[in-house]
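Think of it as A, B, C and D in the order they're written, each chain with its own count starting at 1.
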Amino acid sequence: MCRFLAYQGRPIFIADLVAAPCRSLIHQSLHASEGKTETNGDGFGVGWYGERAEPGLYREVRPAWSDENLRSVTEQVRSRLFFAHVRAATGTATTRANCHPYAVGRFLFMHNGQIGGYTRIRRRIEALIPDDLYLQRGGTTDTEAIFLAALADGLEMDPVRAVASTLAKVRAEMVRADVREPLRFTAALTDGSHLWAFRWSSDHRPPSLYYRQDANGLVVVSEPIDEDASAWNAVPANMSLSAGPSGSPVLSAFG
Amino acid sequence: MCRFLAYQGRPIFIADLVAAPCRSLIHQSLHASEGKTETNGDGFGVGWYGERAEPGLYREVRPAWSDENLRSVTEQVRSRLFFAHVRAATGTATTRANCHPYAVGRFLFMHNGQIGGYTRIRRRIEALIPDDLYLQRGGTTDTEAIFLAALADGLEMDPVRAVASTLAKVRAEMVRADVREPLRFTAALTDGSHLWAFRWSSDHRPPSLYYRQDANGLVVVSEPIDEDASAWNAVPANMSLSAGPSGSPVLSAFG
Amino acid sequence: MCRFLAYQGRPIFIADLVAAPCRSLIHQSLHASEGKTETNGDGFGVGWYGERAEPGLYREVRPAWSDENLRSVTEQVRSRLFFAHVRAATGTATTRANCHPYAVGRFLFMHNGQIGGYTRIRRRIEALIPDDLYLQRGGTTDTEAIFLAALADGLEMDPVRAVASTLAKVRAEMVRADVREPLRFTAALTDGSHLWAFRWSSDHRPPSLYYRQDANGLVVVSEPIDEDASAWNAVPANMSLSAGPSGSPVLSAFG
Amino acid sequence: MCRFLAYQGRPIFIADLVAAPCRSLIHQSLHASEGKTETNGDGFGVGWYGERAEPGLYREVRPAWSDENLRSVTEQVRSRLFFAHVRAATGTATTRANCHPYAVGRFLFMHNGQIGGYTRIRRRIEALIPDDLYLQRGGTTDTEAIFLAALADGLEMDPVRAVASTLAKVRAEMVRADVREPLRFTAALTDGSHLWAFRWSSDHRPPSLYYRQDANGLVVVSEPIDEDASAWNAVPANMSLSAGPSGSPVLSAFG
C-alpha cells in the first residue's frame, strides 16, 4: 500500500506538509502506523507547480526517509499545488519510471491501490493507451497505464468522467480475463489548476482517503498526517472530490 | 553506440577481460577510442553462467568506470561464459531495466545498434511479443523487445533463424511505417551453452564486431580490447557467428 | 539497529541463508520482528571469500529487499565464508562507504551497535587510526573507525585482544568526553580463515547474538533467521565466539 | 578536471545557464571540449538560494547528462544566486558526500583542481578543521576539507583572506611532506549575498576561470558555456574575483 498527499492553496514550502508534521509522509514511509504493517521504502516522488504550466518532478528509488535531496528540495520550494507519494511496490520493479506521481503535459497523477490480476491483463490495459501517448509509457505500473488511458478518455475535457470511463474499461478487461481479485483505486489528479481525488473499489474496500481544509488551503491524504483526528474528513467509498484553485472541495458519487 | 564483450572457454575471472586489458570494456566506457566520440556512461551490465542453468546478472545505472561493486564482482567471479555491456543511451531512460544484457530463462542477449524510427513503431515491435513473455518486458528499449520477440520466433529451437525472422518482421514494420532510418543490429546471444553473434544492417553499415580465439577460449567484442590488432578478426557485415562450448567459431551468411 | 549474518562451512549459495529462510536477512530488512520496530532500509552489504585471499564486496544504498542485483549475486555465488548486513542508520548518511561489511586486505568486519556520543568523539576515535590505514577511511561511521583502529591494535596477530584493546580506548575517550550514553558492540570479524564474533556493552545490554551449527557449518546472526528457536544458541553478554575453518565455535569471556 | 558555473543577478531559471546553452555545463559533462579529454560523469551538484538564508542542494552520483530530476529541478527553480558543478573524480569515491558544491550554514563552495599528494597529507589537512566543524565532514575530498578549514580561518569575516590563509597552510603541509605535485585551485564561494572566485596554483598553471556580465547578471565559469568567445573574460592566474549582489566583479591579486 502506498501513501500520498496533495495540497492546493496558498503557496507553502512542500516540507511544511511532507516533512514537518508528526505523521508526515516522510515519517510514515519509515514508521508504519498502527495496523498498517508496510514500509513505504520502494521509491518516492514529489511533483509541484511553479511558474510553468508543466509541473516539476523529483522521483527517486531510495527510501524517502534518508534522501537528503528530497529534504532540501522540499525545504526550498514553495508551491501552491503539489503532490507527494511514497511507494510500497506490489510486484513491479523499483525504478524511477515506476515512481509516482506521473506527469504528462500539465497533468500529475498518483495512486494507491491495485488492479487485481494486473500481470495477466497488463497488455490489455496498455492497449487502452493511444499511439500518441504510448511513448510516455516509461515504466510498467498499472497506475501509469491507467493514467495514460484516462488521458485518451478525455482527461482534459472532463476528468471525473474520463477516470470513470477508464476504470470501467479496466474492470471489463478484468471480468473478461476472469480475474477474481478486486480493483482498488484511491488516486489524485490535477491539471495544475483543479484538484481531483477518487476513492473507489470493486469490492467496497477502497484504500482510505482524507481531506482537511485550513487557513492555508486544502490537503488531501491517504492517511492523516497528524494526530488531530477531528480535523480530517474521510472521503466515503465510491466518491470523488473536486476542488478549484480557491474553492471548497465538493464530493460527488463516483463509479 | 554501446560496447560489449562475450566470452566462452576455460573458466576465467570476468575482470580478466572486462577490467584488466588496456582497452578493456570498462576503460572504453570512459575513454572513447579514436573516431568514436561517445562515452558509455548510461549504465552497464554483466551476465554470467555459474552452477545454475540461469545466468547471474548485475546491472546498474552508474557508469561502469566508477562502480566498486562491478570491480569486486568481476574480480571474484570466475565463469566459462559471460557477457558484459556498457551503454550509451539512444533516447530511452537510464534505468536498470534498460541495461543490457537481458536475461530470460537460460538465455542472455545484448545489442549494439538501433531500430530506426523506434519511437514511432515501438508498439508494433512490442506486439511481436507473445502474452506469456510480455511480463518479462521490464523496460522500454528496442533491444529487449527484439529479444522477447525472438524468443517467440523459436530462439530455443533455431536461434539464428529466430533472430533473422524477428529482424525481418521489424524491418517490415519499419517499411510499413515509412521509416527512412536504417536498422542496425550487432548483437550477441547465448543459451548458456552455445554462443551466437550477429552483424547486420539494412544500410550495409552495421556496427563493428570482432572475435579472437586464444588458449583460453573465444572472445567476441564490439571493438578490440587491446592493441594487438592482428589477433582480432573482423566479422563481415551480414554474417553470424556460432560457437559451441569447445569448438571454433563458424561464420555464416545472415539476414 | 542493524542486522547481520556470518557463515562458515561447506560452500553454499549465499542466498541459501540470506534470501531463502522464512526470516532471512532480506526478509528481516523489510518485515520487522516482534518488538523490534525498525526497518533496515538504509543500505546493505555482502562480503564473501572465493578463490582470492581478499573478499568480494557488494554494497548498495538501496534497501536489500528490492535489489535485483543482490538476489542474483547471492543466488549465483557459492562461498565457504560470507558476511551479510542490512543497515538502519543511526545518524550517519546512507552512502556505500557507510555500508557494512568493511573490507581491508583479507579482513571483513561488520557491526550492530553504537558508540554513545559518537558525534562528539568521532575525531578522537579516528585519531586511533594510524597514518597508513587512514586512507582506507572512506565513510563516516563509528564501525569503520573501530575496525581501522583495531587493525592498528594487532588484528592480524590476536584479533580478540585487538578488538578488546580498541574498545577499551574508545571507552576511555567516551569517559574523557563525559559521554553518558553506553557503548554497545555486537560484531563479527574474519580474516578469510577464522571467524570471530563479539557481544559486549558498557551497560550490560549489548544487542543480541546467536549461532547455530548444522550439517553445513556455522551460522552466526544478530537474530535467528527461522522459527526453529531451539536450534539457536544465544551468545551471552560480554562473550566472544571464535571458530576455525572446520572446528566448533568456542565462547570466551570478552571485555 | 571538474567543471563549474556560478551565477548572481536577476532571478533566472537555473536551466537557463546549466542546461540550455550550446556548451552548457550538462552538455560539457558528456561532450568533452577540444583538448580536454575528460568526461565529467562522476556525479554532480546544484546549490541555490531561494527564500531561506541556507541554500538548497541537489547532488547525485549519476552523470548530469541523464538525470531527469536535475533537468526538472533546474527548469522549475528560479534563483538569484546558484552554483552548479560536474565532477571528474581524481581518486576519491563517487558518493553524494563527495559531490560539489558543499554547503555549511549559508555558505556554498565548489572547486576545480587538486591538492598534490593529497592521499599522503589528507589527515594533516583534516587537522586544520576545528572540532565544531568536523561533524560536517561527510566525505573524503580535498575540496571539502579546504572549505571546512577555511571556515575556521574566518570565512565569515574576510573570505578572501581566509581562503588565502588556508591555502598557505595546505602548501606548508605539502612542503613538510615533501610533495612535488602542485596545488591547483580554481574555486567559487558564496555566503548567499556576495560571490567570490579564486584562481591560483603553486606552479602557475591553475585551471581556467572565466566570467561574463550581461543584462541579467554575472556568470563565472570554469569554461565558456557558449561559442561567443568575445563575451568571456579570462581571470588571470593568481587573482580573485569578488562581486556584491548588484555590483560589478572586482579582480584582485590573490595568493
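One rule holds for everything that comes next: a residue touches a chain if its C-beta (ideal position, glycine included) is under 8 Å from a C-beta of that chain, and two chains touch if they have at least 3 such contacts.
Treat the numbers as computed from the prediction; the structure is a model and nothing was measured.
Comparing the contact residues of subunit C and subunit D by number shows a mostly shared set, over half of all numbers used being common to the two copies.
When the contact pairs of B-C are matched by residue number across C-D, A-B or A-D, over half of them reappear in A-D.
Computed centre separation for the pair subunit C/subunit D is 38 angstrom, with centres defined by C-alpha atoms. One finds 40 Å separating the Cα centroids of subunit A and subunit C.
Residue positions of subunit C touching 2 or more other chains: 68, 93, 96. In the complex of the two chains, the subunit A residues touching subunit D come out as 48, 50-52, 55-60, 68-69, 72-73, 75-78, 96. Across the complex, subunit D is touched by residues 30-31, 37, 39, 41-42, 61-63, 65-66, 68, 89, 93-94 of subunit B. Here subunit D touches subunit C in the complex through residues 93, 95-97, 119, 122-123, 131, 134-135, 137-138, 140, going by the rule given at the top.
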